[in-house]
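Have a look at these structures, which come just after this line.
What follows is a pair of complexes built around subunit A, which joins subunit B in one and subunit C in the other.
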Partner chain A sequence: MDQKVDRRSFLNQLGVTVGAAAASAVPVIGPAEAQTASAPKGKIPDTPLKMGHMTFLTGPAAVLGEPSLKGHILAAEEINAKGGILGKRKIETITADEAAGTDANVKELRRMKLSEKIDMFTGVISSGNTPALGPVAEELGLLTIFVDGCTDFLWDKAVPNPKFTFRITNIQSADGVTCAVAAAQTWPTAKKIAHIHPDYSYGRNAFDHFTLAYKKLVPGAEVVSEGWPKLGTTDFTAHITKAMSANPDIIMSSVWGGDYVAMYKQALRYGMFNKAKFASTIAFGVAPHAIGKDHPEGVIAGVHSNYYFTYPAGNRWPANKTFVEKYHKRWNEYPNFQSDGAYHTLHMYRTAVEKANKLTGGWPDEEAIISQLEGMYFETAAGYLYIRPDNHQGYKDAVTGFSKNVDAYPFQILDPNRMITIPIRNITAPPGWPKPGSGHNDPTSTFNWIKETWPQVA
Partner chain B sequence: MTIFIIQILNSFFYAAVLFLIAAGLSLIYGVMRIVNLAHGTLYALGAYVSAWVVGSALGHAVSGTLGLAGLLLLLPIGAVVVAAVGAVIEPTLLRPLYRRPEEYHLLVTFGLLMIMEDVIKFLFGPTPLTAGLIMDRMGSLPIGLLIYPTYNLVVIATGFFAAIGLWWFIYRTRFGVILRATSQDRRMASALGINVGRVYIQAFAIGCFMAGLGGAIVVPAQAAVLGIGIEVLVLAFVVVVVGGLGSLEGALVGALIVSFVRTAGIQFFPEIELAVLYLIATAVLLVRPTGLFGRA
Partner chain C sequence: MGSPATGASTWRLLVVTVIILTALAVLPRFVEIYQTQLLTYGLVFAIAALGFNLLLGYTGLLSFGHSAYFGAGAYAVAFIVRDLGVQSMELCILGGLAATILIAALFGFVCVRHTRIFFGILTLALSQVLWSLAFKFFWVTGGTDGIRVASAKLTLYGGLINFAGPGAFQRFVYAYYYYVLALFAVSTVIMWVIVHSPFGKALQAIRDNEVRARFVGISVQRYRWIAFMISGAFTGLAGILWVPLNGLTTPDILYWPFSGEIVFMSVLGGFRTFTGPIVGAVVFNYLKTYAVASTEYWQLLLGLVLVILVMALPTGIVGTVARMTSKLRGRI
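Coming up: the complex of A and B.
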C-alpha cells in the first residue's frame, strides 16, 4: 500500500464520526436486562452460583477499579431479585483486591477455584495481571470473563488459543490508535509530540500504537520528548517541565486513575495546558466525579476507547439511559467504563446460560456456555459488543471525546455532542492476522497490521 | 536556562517533601530502633486530613474570613492529627515489642500499614481529595517564558526550616540531649532518672508529625490519592539507605541526592528513571554499607 492518500479521505475510510449523531440506524431492542428468555428447560439446581471478582480495592487504581465492583454488584442484585440465573441460582460474589500484586493474585485465583469452588471468575483491571491470570484460568478450566486488563499480549502470546477465558473491554492497541486518529483529525498540523506514560505495559502499548498511527496520519510527525513515570507516582513536576521544555505541539499521555488526577492538578499550575494541546487515552476513565471542573476544557480526554456515561445522550440508546439511571440510583454516582464492563459481563453470562439451557436443558455445562459466548452479539450501554470466536475478545466501536464543563453535573464531562466514534474493525487487526513471533516481531498483531496495510497520508 | 532553573526548583520541592518523611523515619529508628513500615501511610493520613479540612466547611469559613493565610494555617492540622495518632500507636502497639526480634517490628508496622490504608479509604473514599484552592490563590511566578507555582516555594521553605528546626531541637535543647542519651543507651538513661517511656512517646509523635507535615504541605500541589504512602515509603527508604538510617544529616543529604538524581534521570535519561535511584543506593551500600552518615 504505497499509494498516497490525503488525510481527509483516509479518515473518511476509517469511518470516523464526530458529534452526537454517530449511532446510525439502530433497531429498537430493550436494555440488556430485558433480553430475557422464557421459562428454563429441565431441572435447575438451586445451589448458589459462586463468582470471584478481582479489582483494585486499594491504591491509586481504586478510583478506576471500585466502579467495576459496583457494576458487578448492581447486575448481581438485579439477577438475584428475579430469583437468580434461570430463576434458580443466585449469585454470590467473593471479592479480591488486585492491589495485592501479580503473584498474590495468581495464588488468590487458585484459592478461589480450589477451596472456594467458584463457578466463574471476573474483574481485573491491570494489563500486568491478565497475562498471568489467563493461563492459570485455562489450566484450572475456570470460566473467566476479564472486565479489563486489556493488553493485546493476552491473546497474542499469553493465551493464544483461549477456551475458558474471555475479555469484554476493547483491546488495548485500539486505545493508542483511537487517540492518534482523534488528535490527527482535530489538530492536523501538530507534528511535535511529547509523551508522558506510566512505565509498564499499558504505557508502552499506548506510546507504540499512538506513535505508529499518528505518523501514518501526519507525515513528518516526531517524538520530541518522552517521560516514563513509575506507576503510582504522584509527583509529575519534573515530567511536566521536561515535556514543556521540548516545545511540543501536543502532549500525549496515558497516565490514569489517581495518578492522572494528581498530574493534571500539577500541570494546571505549570501552565502546561496553555503551552500545548493535550491528548490522553484514558484521562476520563476514572469514576466521573474524580475529575474536577478545574480540568482544562477541549482536550482529548479518552475513556480507554470504551464508554462514557453521557453518550449516547438522552434516549437515543435506551440501554445507556437505563443503565446510567439504575447505577445512579443504586450508588449515587455515575458509572465509568469499568462499571459498564462489569455490569454487562454478568448479563452477558446470564444470557449465554439461558441460551445454552434452551439447547441442553438443566444447568448447562461450561462447554455449552462457552459455545454461546463465542460469537455473541450483545447490547450494552456502550453499544453493540461482539465476542470474536477466535480470540474471545470483546469488540465494540471505539470512542473518545473532548472535555467540557456543563451545569448539569458538578464535575467535568465528555461533551456528548462532540464524541468521536471509530468502527473497531478499522483500527484493529482482523482474525487470523499473524501474531507477534510468527512472521514478524512487532509489539502486537495490530501494530503489524497498521504498519503493513495503512497508507501513508500525504 | 529557564528549564534548568525550574528543574532545580522541582528538585528542591521534591527533596523538601522527601526530607520530612525520611527525617521522621530516621528519628524513630535512631531513638527506638524500630523500622516503621507504616511511616508512609502516616504521611498519607496527613495529606488526607489536611485536604479534607481545607475542603470542608471549616476551610470555606476560614478562607472567607482570613483568606489565604487562614487556609495556610489550616494545613498543619493534618500533621497534628498524625502526631496524635502516633502518640497512641507507640504505647499500645509498639512498646510491647521492643524486646522482641526485629521481625516482630516489621510484622506489626506492616500490619498497621495495611489497616491504615483501609481506614483511609473507609473514611475518605476512593476519590482523590485536593486542596488546590491554596495553589490557585497563590498563583504562579513567571520564570523566563514559563511559570512556576508560588506555593511550591512555600514547600521548599518549609522543608528548609524544618531541617534547621529539627537540628536545633536535637542538638541545642535539653530535650534533644535526653533524646540522644536515650538513643545511645536506654538502660543508662533510665538509671539516670529519665522517663524513657515518655521520651519514646514524644520521639515517636515528633517523627509522625514530620511525616504528617510532609503529607499536609504536598497535598495542595498534588492530590491525596490512595496508595501515595506506599510509593513514598519506598523512596524514603532509598533516602535513608543513601544517607544512613538514624542520621538527620543523612536524611537531608539523602533527600537532596535522590531528588536531584531523579530529576536528572527524568530530564536526560527517561528510559532508566526507575533504575537510576536504586543504582545509587546500591553504589552507596557497596562503598559505605551504613550509608553516607550512618553509624556502624
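Coming up: the complex of A and C.
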C-alpha cells in the first residue's frame, strides 16, 4: 500500500456522494411493511407476544433514547391493528429505564426473561450497556435485537459468536470514520483538531477512528487538545475553553443527547463556533425538535451515521416519506435515528417470523427465526439494511450532513440537499477481518483494517 | 443490641436462626429461578450492610465511602480472573479479601484520625479516588465498559462444581445461591461474635463516650482502625460475591451513590439493631428492582421511601417491629 493517492481520487474511490435536490412528481410506492403477507401456515397460538424494551426514559440521554420507544410502539400498534404477528399474536411491551445504570439493567433484563417471560428483547441506547447485556441475553437464550449501543466491542470481544443477539444501527467505528471523511472533504486544509468526547466507550471509539481516518486523509493533521467530560454532565465550560485555547482548525465532538444540547448552548456564549469549524458524529441524533434555531448553521452535525428524517426528501425513498408521516401523526413530532431503528427492528422481526412460518408452519421456534434474521436484507426509512450473518450486525450506508435553518420546521435541520452518503463497506472491516487480540491489539477490527489497507493520501 | 445474653435468650436466638436458615435453604424449591437469583443479590448486599454497620451502629462512624471496599473486592476478582486466569472462586475470595483489607487498612489509617462529618467526607473522598482510577484508566479497567467475569468460567468448592455446558445459567443460579447463603451465614455468625466480644463492647464504649473510653485505657484510634478494616473486609466479601452474579464490574459500584445505597440499606432496616442492616439490604434490593421495573419515576419513589422512613420509622424496619412486638407483649 505504498502507491501515492491524492485525497480527491481516494474520496471518489470511497464513493462519497453529496445529496442533490429532490426530484418531484414520482409515483407513490407502498413501502415493504404495507405489503400484506399471505395467510400463515399451520396453527398459530393466540397468546400475546411479550417484548421488553429498554431505553433512556429519564435524564439527559432521554432526548435521544426515548424516541426509540416511540418507534417501537408505533410498529407494535401497526402490527396489532392487523391482528398481531401472523395475524394472531399481539405484541405486549414492557419497558425499562436504561438510566438505572448498567448493573440494574443486567438485573432488569434477567427479570424480564425469567419473571415476565418475555419472548424478545429490544432497545438499549448506550454503548456502555450492550457489552454487559449481550452476554446476559446469550446466557438466557433470549432473542435480542439491540436498537443501538453500537460499540464494535460487543461483537469484537463481549459476544464474539452471537447466536441470540442482533443489532440494527450502524457499527460505531463507521461513525468516527464518516465524520473524518466528511471533515476532510469539506475542510481539506484543517490540520489542528481539538476533541471533546464523553468519557466512555463511545467517545473513545469516535476519537480513535476519527483521528486514524483523518490522519490518513489529511497529511500532517494533529490532535491539539483533548477534553473528556463525563457522560451525563451538563457543564462543559472547562472543556469548551480548553478546546478554544488550543487554537484548533476544527473542534470535533461525539457528545450526544441532552449533553450535546447543553454543550452547544454554552459554546454559543463563548463564540466557539466562530473560532473554529465544528464537526460532530452525533449532534443531530437527538429528537429533531431538541435542536433550536440558535444552533450554528453549516457545521457537520452527524446522526450517528444512520438516518435523518429529511433525507431522502420528497418521495424519492417512499419508505422514509410514509414512516415520517406515520410517526408525526402518532406522536406529533419527527423521528430520530433511534425511532427508525426501533420501528424497523419490530417489522424486521415480524418479517423473519412470517418467513420462518412459511418454512416450518405454526409458530416458528427461535432457531428458525434467527436463521431468517441472519443475512436479511430489509427496507428501512434509512435505506437498505443488511444483517451480516457472521456478527449479527446491521449495516447500511453511512450518512452525515450540515445543519441549516429552513422555514418549514420550527427547529434546525440537516440540509437534505447537502447530505453526505458513504457506502458502508468502504469504511468498515469486511467479514472475517481479524478481531482485536488475534493478530493485532488495535481497538477494533475496523481500526486495524483502516490502518493496514487505507493509503496515506498525499 | 448489647443486652447481656441470658441462657434462655441465647436458646431463642439459636432456634430463630435455625428456622430462618432452613426457610432460606428450602426456598428455591418453591419460587421461580428469578426470585432465587434476586434473593442472592439481597444476601450479598446484606453482607455489605452488615460490615458497614460495624462502623455506623457499633463504632458511631458514618462512612460515606463503603463503595470503595465493595468495588475493591469486585475489581480484585475481575483482575484475578482476567489477568491470572484463575477459575476457582475460593482463590478469588482469598485474593479479593487480601486486596480489600489492604485498601481498608490504608484508607482507615487516614480516616480514623477524625470523626463525625470529617470522617464521612474523608471516606467519601478516598472512595472517589478509586472510582476515578477505575473510570479513567480505560486500558486497564475498561473504563465504563468494565471487566466481564463470566460465571461459566468459574468453579465452586475447589473445582467440584463447574458451569460449562447446556443449562449452565440455571445450574449456576441454584449452586451460587447456596454458596452465598453459606457465606452469609458464616459472616453473620462471625459478626455476631465480634460485636458481642470484649472488642465489640469496647467499640460501643467508644461510640457512647470517647473520652471515657480513653480514660478506661482503650486505644481509641487503634480500635477504630481495626473496626474499619473488619468492616471493609465484610463489604469487600460482598463485592467479591457480587461479581459472578452480575457478570461484570463497572465503576458504578465505586461511585458515591452506591455508598449512599449501603447507608440507605442500613437506615432502612435500622442501624441500631444487629439484624437491621440485613433486613434493610434484602428489602432495599427488592424495592429498587421493582421500582425500576414498574415506573420511570423510580428515583422519585426511592426518595419518597427514604423521606417517609426517616420521618415515620426513625428506628428502621427492625427497630419498629421490635417496638411493636414489645408493646403487644406488654398489653398481654
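Convention: the second predicted complex is superposed on the first by the 445 of 458 C-alpha atoms of A that agree within 3 Å, B and C clash if a C-alpha of one lies under 4 Å from a C-alpha of the other, contacts with A are read in each partner's own complex, and residues count from 1 in each chain.
One rule holds in what follows: contacts are C-beta pairs under 8 Å (C-beta built on N, C-alpha and C of every residue); 3 or more make two chains touch, one makes a residue touch a chain.
Not measured: the values here are computed from a predicted model.
S.K.: Return fit or clash for subunit B versus subunit C, each positioned on subunit A through the superposition.
M.R.: These partners clash in the superposed model.
S.K.: State whether subunit B or subunit C is in contact with more residues of subunit A in the superposed arrangement.
M.R.: B
S.K.: Considering only the touch criterion stated at the top, classify A:101 as touching first (subunit B), second (subunit C), both, or neither.
M.R.: second
S.K.: Touch check for A:294: first (subunit B), second (subunit C), both, or neither?
M.R.: In the superposed model, A:294 contacts subunit B only, not subunit C.
S.K.: Just subunit B (first), just subunit C (second), both, or neither: which does A:187 touch?
M.R.: neither
S.K.: Return first, second, both or neither, reflecting whether A:409 touches subunit B, subunit C, both chains, or no partner chain.
M.R.: A:409 sits against neither subunit B nor subunit C.
S.K.: Should A:115 be classified as contacting the first partner (subunit B), the second (subunit C), both, or neither?
M.R.: second
S.K.: Using the touch definition from the top, say if A:234 reaches subunit B (first), subunit C (second), both or neither.
M.R.: Touch status of A:234: first partner only.
S.K.: Of the partners subunit B and subunit C, which touch A:386 in the superposed model: first, second, both, neither?
M.R.: After superposition on chain A, A:386 lies in contact with neither partner.
S.K.: With both complexes superposed on chain A, which partner does A:226 reach: first (subunit B), second (subunit C), both or neither?
M.R.: first
S.K.: In the overlay, answer first, second, both or neither for which of subunit B and subunit C A:63 touches.
M.R.: In the superposed model, A:63 contacts subunit B only, not subunit C.
S.K.: Out of 96-104, 114-122 or 168-176, where does subunit C collide with subunit B after the chain A superposition?
M.R.: The overlap with subunit B comes from subunit C residues 114-122.
S.K.: Following superposition on chain A, which residues of subunit A contact subunit B and also contact subunit C?
M.R.: In the superposed arrangement, which is not itself an observed complex, subunit A uses residues 57-58, 199, 230 for both subunit B and subunit C.
S.K.: If we count contacts the way the header does, which residues on subunit A are in touch with subunit B in the complex?
M.R.: Residue positions touching the partner: 57-63, 66, 99, 199, 226-230, 232-235, 237-239, 241-242, 244-245, 257-259, 261-262, 265-266, 268-271, 275, 287, 289-290, 292, 294.
S.K.: Enumerate the contact residues on subunit A facing subunit C in the complex.
M.R.: 57-58, 94-97, 100-104, 106-108, 110-111, 114-115, 128, 131-132, 135-136, 139-140, 151, 153, 158, 199-201, 204, 230-231
S.K.: Can you check the complex and tell me which residues of subunit C touch subunit A?
M.R.: 32-35, 37-38, 41, 135-136, 138, 143-146, 148, 150-152, 168-169, 246-248, 250, 252-253, 288-289, 292-293, 296-299
S.K.: Could you please specify the touching residues of subunit B with respect to subunit A in the complex?
M.R.: Against subunit A, the touching part of subunit B is residues 3, 6-7, 10-11, 13-14, 17, 117-118, 121, 126-128, 130, 132, 135-136, 140, 146-149, 151-152, 221-223, 225-228, 230-231, 262-263, 266-267, 270-271, 273-274.
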